[in-house]
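Please go over the structures that come below.
Across the two complexes that follow, subunit A remains constant while its partner is subunit B and subsequently subunit C.
Moving on, here comes the complex of A and B:
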């Protein structure tokens, strides 16, 4: 009954969330609070928070399975569903943040296809790939788990897949932490961020699973112990943050560390409501921590920012409780116990080595292909995408192997063929992409009067162009780190090949990610700007 | 950071290792103990090392990783498995720590240290045996990784 009520509550919360989403997509980033130092806002803070919560499922099902922890089977299935629900919710926020969600596909690592250089040095691209792979493998893992109830032979494939998911889940949050750690924002620069983010994510994930298990009337004392243990780990990292960056938020310490310590007191710990309240306090602390991290200066919140809360929780509750109701109806409560038994028959080591080897080779081939096409990318910067690609291929082979045991060959080949066609169509659409020429009416800034006398090109360059292309024409480093479509470096040969007319058109009418400057820069100024760029290109080392 | 402080950090990291998994301690208490150990490492680094040292931010975590590595030698079972996991944790800290530093201050990952840890991971199933001599070799090897990774900048 409670699951049904919470499912309805989730759907109700989705109603205002749809209006907020519509408003945010229409108005764009101006509709939500945006930090003026970091240029990031509440969508990214919520994204990091939900990705953290998504770690719970993999922690309880894959990591504890690998570590032979027996009690994990009592919570593994609901935790896996919570991962899928949290990942879907998390994926919405970066799309909103993009401002141009219809062009999300440009984050695919396409090399120099269509002359759009996807920046493999940017953690935003790594993020996209890692999360996509994580979502795919989490769905596979859940399918094998659910399928094992009908086909017990599938149980043998859970542990090999858990070995793929175990490092992958840590990899995902490490990459998310690099979104912050490698930027030029001083408070974000933390070489310890990967571990800090992982501990925070697991902490919030454990709190979420504790709430979900309490809602189903189950008490797991180990979860309470884990909550205390992780609170101490995070306390140590918060103190290190204070020592290195002088960042101190007492409210986070109160809700995230002091409140969980109440679990030491046995009579309090015995009350289910207290346990839930403590877990909620942890989730609130971690959410607030993400907000403070992404937006260090106090920005004024709009109704849209509050709407993200409804979107996040409404979406999560609708997906999670919806899936939980469906699975309970199909499998009854057996899914939480019987199917999670670990197979006594070990998976053949040779076959496992073959799958890992195939994954390694596929990832290596991709990296070699990309570096050959874009030799300027240092090979070490390809490492963050290397492992997710390897995990994807390895996980996919394990899943195909698993389902080849239980499905009819025709059905299996039909499924694989269907998947191939879908991927082919999707790949073709990505390859075709959108129009890269600017064919909309350019925005004319009417408030800004064009000067009668043309301004010096150097002044225009510094005020309009240097923020992305760099003062010396060799890219702004912040831009290179944080923005995925890297602008082209300027060179004399490139100037000669493009010609003044085409460059002038790009400046005035825009192209791909570059905005149009017609109305703000005159045609004669555009020509002098091109001459100035040529001098910069000549001065290149 | 001076070589003396570096060696003291190595010794300090090894100090709590025998007590980490000793006795039947509840999970919450063990977690709190680990947190306090990390806090002690942080305090040591904060007072003994200059913040200008390039690897300053990851030193306490490296100390914790080394402590976990050495602590596996006192385990009664699954020694090799947990030794491999602890070294992977150490590798993770070094690789991604220096990776983010490579963007910010141009520090490149210490490939020798990384290679030595990879060798350690490969050797763990052999060296983490019940024989005391081999366990001592493993502890010496980890101390060697720590000392050799020292860069006087």
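Moving on, here comes the complex of A and C:
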């Protein structure tokens, strides 16, 4: 019942979120608080926060599974769902943050396709790839877990996949921290940033999972112990930050460190409400910490900045509780109890090595291909994307292997074919891309610089056209060869067949590689240019 | 029967709710587009407004005279500028010339209140500050799409159609000279195309001083057509041309005959402390060396 109420609360929160989202996309980055010197605002802070919350799900489902922690199965399934919900929410924020969100696909590492290349030196690209891979593998992991209820033999595949996810999670948050640590901004620098971010992420994530498990009506004492342990771990890093950069916030220390210490007191700890409140205080402290980290200046918040809270929690609650209700309806309560109790033979080591090897060589091939296409990229910068790519291929092979055992061949090939078609469509769309040329309405162009008296065509030809088309009209081959595919040679018959109107349109508005000259050449000048070109064509040998 | 009515009501209310949301959406073209004005006095007013801000300059530290770029060590050209602070009186003529040359838009009142002007040249404590075109530019390293990219002749260039507006370059620029198009100046009628050779920028695109690349490019094409070796002799940036005291000198660092190399001879070469280690191409001259 409580799950259903919270699902509805999430949906209700989505209503203001939709308006905020719409406003933010219409007005652009000017709609949220940014000042003269900070270009990154609350969306990036919220992104880091939600990615951090997502990590906890994987921590409980994959890391603790690998480490043979017995109690993890009591919380694994809700944690996995929360990972996916939090990741979806997290992925929205960087897209909103972009100045031109519809151009986000330019970050796909496609080498020199379309004459656009991705800068592999940029942490944002590492981030983009790592998070995409993380989302894919989290979905795979959930699929295997849910599938193992129907086909118990799938349980054998959980552990190998968890071994892929374990390092990936640490890798992802390391890269998120590098977004900051790699810059020249003094408050963002420090070699401790990766560990600082990972500890912070797990701390807030554990608090979230604690709340979720309370909602399921389960109390996990170990979670509370972990919360205390991580609060001390983070305190150490906060002290480090205070010593090196003299940054400290009393409110973060209070909500993030002092409040969780209440868990030492047994009678208080026994009350579920107190536990939830403590977890909420931790989540708040960590959220505020990310905000303070990304935008240290006190710029005035707009409604949009507050709207991210509705967007984040509304989206998370709607997705999480929606999925939870659906899975409860399908699997009833079996999902939390049976899954790991089935005894299965361990995954053969040889096959595991094969998949890792395949992933490794696929990533190596990609890196080699990229470096060959874009030789200026320093190869060291490919290291951060190497592991996520490897993990993606390895994880995909494990999932295909898993489902090839339980599913009918035809169904499996159908699914793979469908996936291929979808990827093909998206790949094609990205390859086609959007328009990268400027379409300026010529009405804005002021004609102040245009001479009142038309200049002689010969002068214009020599100053404007001859650099490519050659003084005699037969192309400046030395120059044109270097840059463009050669245009057709001029001839009188071709001139007559094309006509003055279409030619002047080409001169004024451009075509293919010919630049547009509207504003620099008037229409009457264009006409006289065509006449001049005709005489040049007549002189042709 | 009862069940189906219940379902019908559910679906109908969902559809109606969705339609209501759709109906409430913001209409982009609610206000009529104001007419674009190309009255230069409007630009002058804005420059005056911008010059009243108090932006701290930070320390100036001495550096070596810029030499060949590490990335492009075989190139014979590296363009740059020197600004003689002994002569400069901070009049702001360069800002206007720059805006007219590069079609820099004005900003609306809201943005002006926040101090977010688009001016590529900014007066900080009476010193004109623009992008320094660092040889080892931090902005180029973090741009995800390669929109901020080094050109072989020493410019830290911006390719507008590649820019997706992640603003990472701006966040990583120590001298904070990158400007982001927060608003659609064209739609608000705040931009005018004074110079047909420079495109107007869209909302969501980063921009900054381009060292008047269009002038260099025109000259380069001409030299190439004539088959001459090109060292950029005779080209001047808009700010250098407009400076009434001739404090700004544009030229080629690698050409010992260029006006820049001659202006720097025997002078103390300085730059902002924050970018001193990044091999800037635009430097300040103070006193004698």
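Some observations on this one:
Keep in mind that, in the parts below, the second predicted complex is superposed on the first by the 431 of 541 C-alpha atoms of A that agree within 3 Å, B and C clash if a C-alpha of one lies under 4 Å from a C-alpha of the other, contacts with A are read in each partner's own complex, and residues count from 1 in each chain.
Here is the rule we use: contacts are C-beta pairs under 8 Å (C-beta built on N, C-alpha and C of every residue); 3 or more make two chains touch, one makes a residue touch a chain.
Just so it is clear, the model here is predicted, and its values are computed rather than measured.
Ranked by how many residues of subunit A each touches, subunit B and subunit C are led by C.
Judged by the touch definition given at the top, the superposed model places A:1 against neither subunit B nor subunit C.
Look at A:182: by the touch rule set out above, it reaches both subunit B and subunit C. Of the two partner chains, subunit B is the only one that A:192 touches; subunit C does not reach it.
In the superposition on chain A, A:372 contacts neither subunit B nor subunit C.
In the superposed pair of complexes, A:222 makes contact with subunit B only, with no contact to subunit C.
In the overlay built on the shared chain, the residue A:38 is in contact with subunit C alone; subunit B does not reach it.
Judged by the touch definition given at the top, the superposed model places A:236 against subunit B, while subunit C stays out of reach. In the superposed model, A:264 makes contact with subunit B only, not with subunit C.
Taken together, the two complexes place residues 182, 184 of subunit A in contact with subunit B and also with subunit C. Contact residues of subunit C toward subunit A in the complex are 21, 24-26, 28, 36, 38, 55, 110-111, 114-116, 138, 140-146, 160-168, 170-172, 174, 176, 178, 180-184, 186, 191-197, 199-200, 202-206, 221-222, 224-225, 227, 274. Against subunit B, the residues of subunit A that register as touching in their complex are 170, 174, 177-178, 181-182, 184, 189-195, 222, 224-226, 228-233, 235-237, 239-240, 243-244, 263-264, 380, 383, 481. Residues of subunit A that touch subunit C in their complex: 15, 18-19, 22-23, 26, 28-30, 34-40, 97-100, 103-104, 106-107, 116-119, 121-125, 128, 182-185, 436-438, 440, 444-446, 448-449, 466-467, 476, 478-479, 519-520. Subunit B makes touch with subunit A in their complex at residues 26-28, 30-32, 34-36, 38-39, 42, 46, 51, 55-58, 60-61, 92-93, 95-104, 109.
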